[in-house]
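Structures given as structure tokens follow.
Both complexes shown next keep chain A, but they swap its partner, so chain B is in the first and chain C is in the second.
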Partner chain A sequence: MKFFTDIWRSIFRGESLSTDKGKSELVFLNVWLHIHPAKVKKEHMRFKHTFYLGFITFFLFVILVTTGIALMCYYRPSTSQAYQDMKDLQFVVFLGPYLRAMHRWAAHGMVVCVFLHMCRVFYTGSYKRPRQFNWVVGVLLLLLTLGLSFTGYLLPWDQLAFWAITVGTNIGSYAPLVGGQLRELLLGGHSVGEGALLRFYVLHVAVLPSIVILLTIVHFWRVRKDGGLSRPIWKLKGRQPEQELVTIGAPAQPALRATAVSTSKTYGLMEVVTGKPIFETIAPDEEDDAVFAHPYAFFREAIALMATVTTIMATSLFFRAPLEELANPAKTPNPAKAPWYFLGLQELVSHSAFIGGVVAPALMVVALLAIPYFDRNPSRRPSDRKWAIGLFTVFVAANIALIIVGTFFRGPGWAFVPPWVHVVTGAE
Partner chain B sequence: MKNRLPQIFFLLSFISLILLLWAIRQASTPSWKSYQRAFLQLEAQGEPNAAAKAAVLSTPLHIHQVMLTGLQRVDRCTTCHLGVDDPTMKNAPEPFRYHQGLGPHIASKFGCTICHGGQGLATTKGDAHGNVQFWDKPLLAREYIRASCGRCHKEGEVPGVPELTAGRHLFETQGCRGCHKLNGVGGSIGPDLSEEGASRRSPEWLERHFLAPNQVSAGSAMPNYHFSREQARDLTYYMLSLTSEDMGSYYSSVRLIPSAEYGRELFTQKNCIVCHSVGGAGAKAAPDLLGVTQRHSSEWLDEQLVNPQYVYPGSTMPEYDLETNARKALIAYMGTATSDDAQAILSHHTRPVSPGDVSIEAGKEEFARVGCAGCHGRELEGGLPNPNAQGGQVPSLLHISDDYTKDEILAIVRNGRAPPLENAKGPTPPLYMPAWKNVLSEEDIHQVVDFLWSRQQKAKDSW
Partner chain C sequence: MATLFSGVSVSLGAVVRYLVPSVYYEPPQSFKIGNPADFAYGAPSFLAEEKIFVFRDREKGFAVASAVCTHLGCTVAHFQSDQKFHCPCHGSVFAADGSVQHGPAPKPLQWFEVTMARDGQLRVDKEKAVPSSYRLMV
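Entry: the complex of A and B
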């Protein structure tokens, strides 16, 4: 018996979870959990502060990696085999259609959640000092998510895939000087073909996921190092703007004094050292607001995980991923549409290829990246940020409106056709 | 905050477990398995004792598929249609019934979808039969299945499918190519028809379309040729057979079936009767062909057709450059040819004599082949309605020499022409004269115009 106890104890070395020390050690000693602090503020766990959108995005990514690896076992990235492999997944592979559907819905869900997560962070002003760079990392992750979704779009090699990518890469070729070459580099040729399929596959299963994983690690690490989550805005009442910021780690801030220690709390070396501590501490007057990460935070996160998984599983059970006809370069659907998240862009392109396809998206990305550096207003209170919130809301609303117009209101020849009017396409 | 969290967590985990089990259940009870079980029941009925019955019933269920690399398809139809090649299943209920009359077209070599249409890779009834979104080739209705013979047998007669031959003949003689391209040859006023049999168009649609093009697709430039129901059916058959899919060498080797009927057609076409005779009927310049298949082996005859000089040095017989199956067809016909038949061929025989006539005759053939006749009429009478063109119709070519010089006509044929408008503000007429210089050689164009001029004379003479 002792033999097995020894093995068990060698794996799980912390004390019993009933003690405070045990609860802390569960966090400290575990490679996966130690990204958490041992104690978390109650306010951070409130659903209405974050809607857990960051976690949900991450969990969707985990689902995508899992189902993606399973799908890779059945897929060969060549134009003569890809479509047949998709048909095999649809008709022969055990749970094949289910896997595909989960992968598809999780991918769409991730694009949506990453965008909503960005909106949440903006509206709560959580990109402000010291979190500026983490916002930049976040925007990069948004772009990578779009890239992953876009590269995955081509792989089924059906009509939808072929023409969405043809349209999507054509938009890219409007960039001055390098546009054409960029498109050629991406496609490995002048048109979407064997070369493009292989390149998109490599990007989709190796290159982009690796970068996403690396940046996600940075993103998480910085959340922790920037003092955990930002303070919910409803907690900001009656404070000075300076106090709203997490002061730690920010240059030119007075160092925390190590004198406020409570006798019942163990402090890390970093916190005792004078100068500029990196960790956020929980000030003694906030001790009552904090609880141990185990079980309060972990169970909430686990619930977010299970809710995400359950939603995707249920959706996939009832709504299967469609598969159109085999890609046919000679048969252009009218209208040929890009993936839905690029339809706003396509809508802009339909008005002006250069302004809509190059200038507007480039400005959008630059503006998003620059937000934390241009917005010098230290206050996070919505009442102090009317202009910023107004502008960002216009940006979000314009994006959504353009996507809705592109998706539902554009018919053959990109003519304005309301969705309730039925147009017979390709009529002889 | 009070500890409900574990409960919610375990509830959600439980729900996801249920969902997983549900998905697994759905995946492990596909409909093809029930078909296979029903088939095993059917087979077990015929077994004499319980042990044999049990052995049959315990046969493992699996997906059957025929990989047809030559036809670039994989057919899984036999996963449910388990009795297609089992004659004892002659009276079995569908989907297990034996497929009668397949002849050489066995399922393991041809699969099913090449003739029947449908989605070979699918394993559920709806998807396999192809009446689903995103599948171009649903199952063909029973009366149209024979049209698929033309997918491999692209030339000559197809035994048992007279519609196909008739449809092909109509297409080539009615001037359809004037507007429609087929395998690279033809005009561009109407759609290219090379893939017509592979596109999602129902046979019923095609047939209605041939009877009244404008009623099926509004605004179509295609004139109503007042085809009969049979002709519409023939053309529909031909359309359904059109596909530029790449058939493997095994399948394209039978693009021409070496039948005696086709041999007779060749015999007539190549004017064999001008030198040869059959049982005394015909010319005497070359050997009589009655019973020639008994005097010589078919290999010898074949060699004679390929290379007459090799068999008989100094022979005056020309080399006809016939493909293997055409030679086989000729030899098959020689086996059945009689003097009465030769007499019949002779009585229909008219042949141009002077070199000028040859050019006119070639022009006439060209006129029909590339499809001028489609609009201008086989007798050059014109008259197809062409709204808002001058006169409201395609011009007759019987009196063009009154209005144009030969050079002007040559230029019009070469470069094409938009018809002069009746009402300058009205809509563009649907039909126009295409440019032919990229389709026809200069020699061809001259021959066509020579043919037109020859008819001018006749028209004037008849006054």
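Entry: the complex of A and C
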């Protein structure tokens, strides 16, 4: 018995979880659970402040990796075999259609959640000093999510796949100077074919996920190091200025201020570090607001995980991933539509490929990346940020409106057709 | 610092060069499409694999137009009713001579050189663009 106890203790080295020391050790002796400090503020866990969108996005990525690896067991990235393999997955492989549907809906969900997460971070002002760089990392993760989706779209090698990528890569070729070469590099040839399928597969299963994992690690690390999870603005309301959060090391507040500490606790000096810290928050009355990450934070995040997995599994039970007919380079579907989250872009492109496909998206990305550096207003209160919130809302609304128009109001030949009008396409 | 910069630049250049295929296993751009008698007068023949329209006119002879929309590469359809090319992707419309009449297409449809091969078959070269007035008399 001692033998097994020794093995158990070699893996789980902390004390019993019934003690405060055990709860703390569970966190700081564990590489995964160290995502939180041993104690977290109660308001960090408020659902209405973050909606757990960051965690849900991460959980969706985990589902995508898991189901993606399962699908890889049956998929061969070759134009002569890919569609056949998709048919096998759809009709022959045990759990094949279910896993494929999970992969598809999790991918859609990740695009939605990463976008909503970005909106939440903006509206709560959580990108402000010292979190500017983490906002940039987040925007890069949004672009990578779209890249993963784009590369994954070609893999079924059906009509939707072929034409979405044909249109998408042709948009890229409008980029000045290097557009054509960039397209050739991406496709491994002059058109969407064998080379393109293999390269998109490599990007989809190896290159882009690796970068996403690396940036996600940086993203989580920066959340911890930049002051922890975002906190509701209401927490700051009504406080006297001297009681508000003190930023040590920030240019505006260079000095460390002495603060009262709880007399009911024992403090120890852990380490002495010379120089100014990059960032730290201190509030005298916050000690009483903290609870142990285990079980309070982990329990809530476990519920978010279960809710995410359950939602994707349930959706996949009722809605299967579509598979159109085999890719036919000679016959363009009418209308040929990109995935819904690229339909806003396609709507812009329908007016001008260069302006809509290159200039507008490039400006949008640069604007998103630059937000935390141009917005110099230190306040997170919505009443102090009317212009910023207004501009961002216009940006979000315009994107959603374009997607709605592209999805529901465009018919054959990209003509404007309201969704309530039934369209019969000619056979010519 | 300069050495490091040079090293990184050379390495990146090597990576990009590696990704550019040295050989393209793609269909040739110059190919035979059959004998003149295989093509009817009037409505153009659409060759799906080659993505071209072959026109045959009693007085003017043969002409070959690209079926690839100059906007984003979709395959256009030729409507006999209005004698125009229509793109299903974003609604570009091209006149009978390939010029843009409507929509976001930035350039006219391409016309390719068509010649007679020694064995009597028609040969199309997609790397040789010609004016829309170009015709091969047979």
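Everything below uses one rule, namely that the second predicted complex is superposed on the first by the 382 of 428 C-alpha atoms of A that agree within 3 Å, B and C clash if a C-alpha of one lies under 4 Å from a C-alpha of the other, contacts with A are read in each partner's own complex, and residues count from 1 in each chain.
Going forward, a contact is a pair of C-beta atoms (placed from the backbone, for glycine too) under 8 Å apart; a residue touches a chain by one contact, two chains touch by 3 or more.
Nothing here was measured: the structure is a model prediction, and the numbers come from that model.
Asks: Once the two structures are overlaid on chain A, check if chain B and chain C clash or fit side by side.
Replies: Here the two partners, once superposed via chain A, clash with each other.
Asks: Of the two partner chains, chain B (first) and chain C (second), which one does A:Met306 touch, if any: first, second, both, or neither?
Replies: It touches chain B, and chain C stays clear.
Asks: Once the shared chain is lined up, is A:Trp414 touching chain B (first), chain C (second), both, or neither of them?
Replies: Second partner only, chain C.
Asks: Looking at the overlay, does A:Met72 come into contact with chain B only (first), chain C only (second), both, or neither?
Replies: A:Met72 contacts neither chain B nor chain C.
Asks: For A:Val366, using the defined touch cut-off, is the partner it touches chain B, chain C, both, or neither? Pick first, second, both or neither.
Replies: After superposing on A, A:Val366 lies clear of both chain B and chain C.
Asks: For A:Pro329, select first, second, both or neither according to whether it touches chain B, chain C, the two together, or no partner.
Replies: So A:Pro329 only meets chain C here.
Asks: Tell me which partner A:Glu184 touches in the superposition: chain B (first), chain C (second), both or neither.
Replies: It touches chain C, and chain B stays clear.
Asks: So in the superposed three-chain picture, is A:Gln84 touching just chain B, just chain C, both, or none of them (first/second/both/neither)?
Replies: After superposing on A, A:Gln84 lies in contact with chain B but is clear of chain C.
Asks: If the two structures are placed on top of each other, which part of chain B overlaps chain C: 24-32, 168-176 or 186-194?
Replies: After superposing on chain A, the stretch of chain B hitting chain C is 186-194.
Asks: Residues on chain A in contact with chain B in one complex and with chain C in the other?
Replies: Shared contact residues on chain A: 428.
Asks: Could you please specify the touching residues of chain A with respect to chain B in the complex?
Replies: For this pair, the touching residues of chain A are 42, 84, 87-88, 90-92, 94-98, 158-159, 295-296, 299-300, 302-303, 306-307, 309-310, 313-314, 316-317, 322-325, 427-428.
Asks: For chain A, which residues are in contact with chain C within the complex?
Replies: 163, 166-167, 170-171, 184-185, 188-191, 193-195, 328-336, 346, 349-354, 412-415, 428
Asks: Mind listing the chain B positions that touch chain A in their complex?
Replies: The contact residues of chain B facing chain A are 1, 3, 5-6, 8-9, 12-13, 15-16, 19-20, 22-24, 26-28, 63, 74, 76, 121-124, 127, 133-136, 191, 209, 216-218, 220.
Asks: Inside the complex, what are the residues of chain C that reach chain A?
Replies: That would be residues 16, 19-21, 24-26, 46, 48-49, 51, 71-75, 77, 79-81, 86-91, 104, 106 of chain C.
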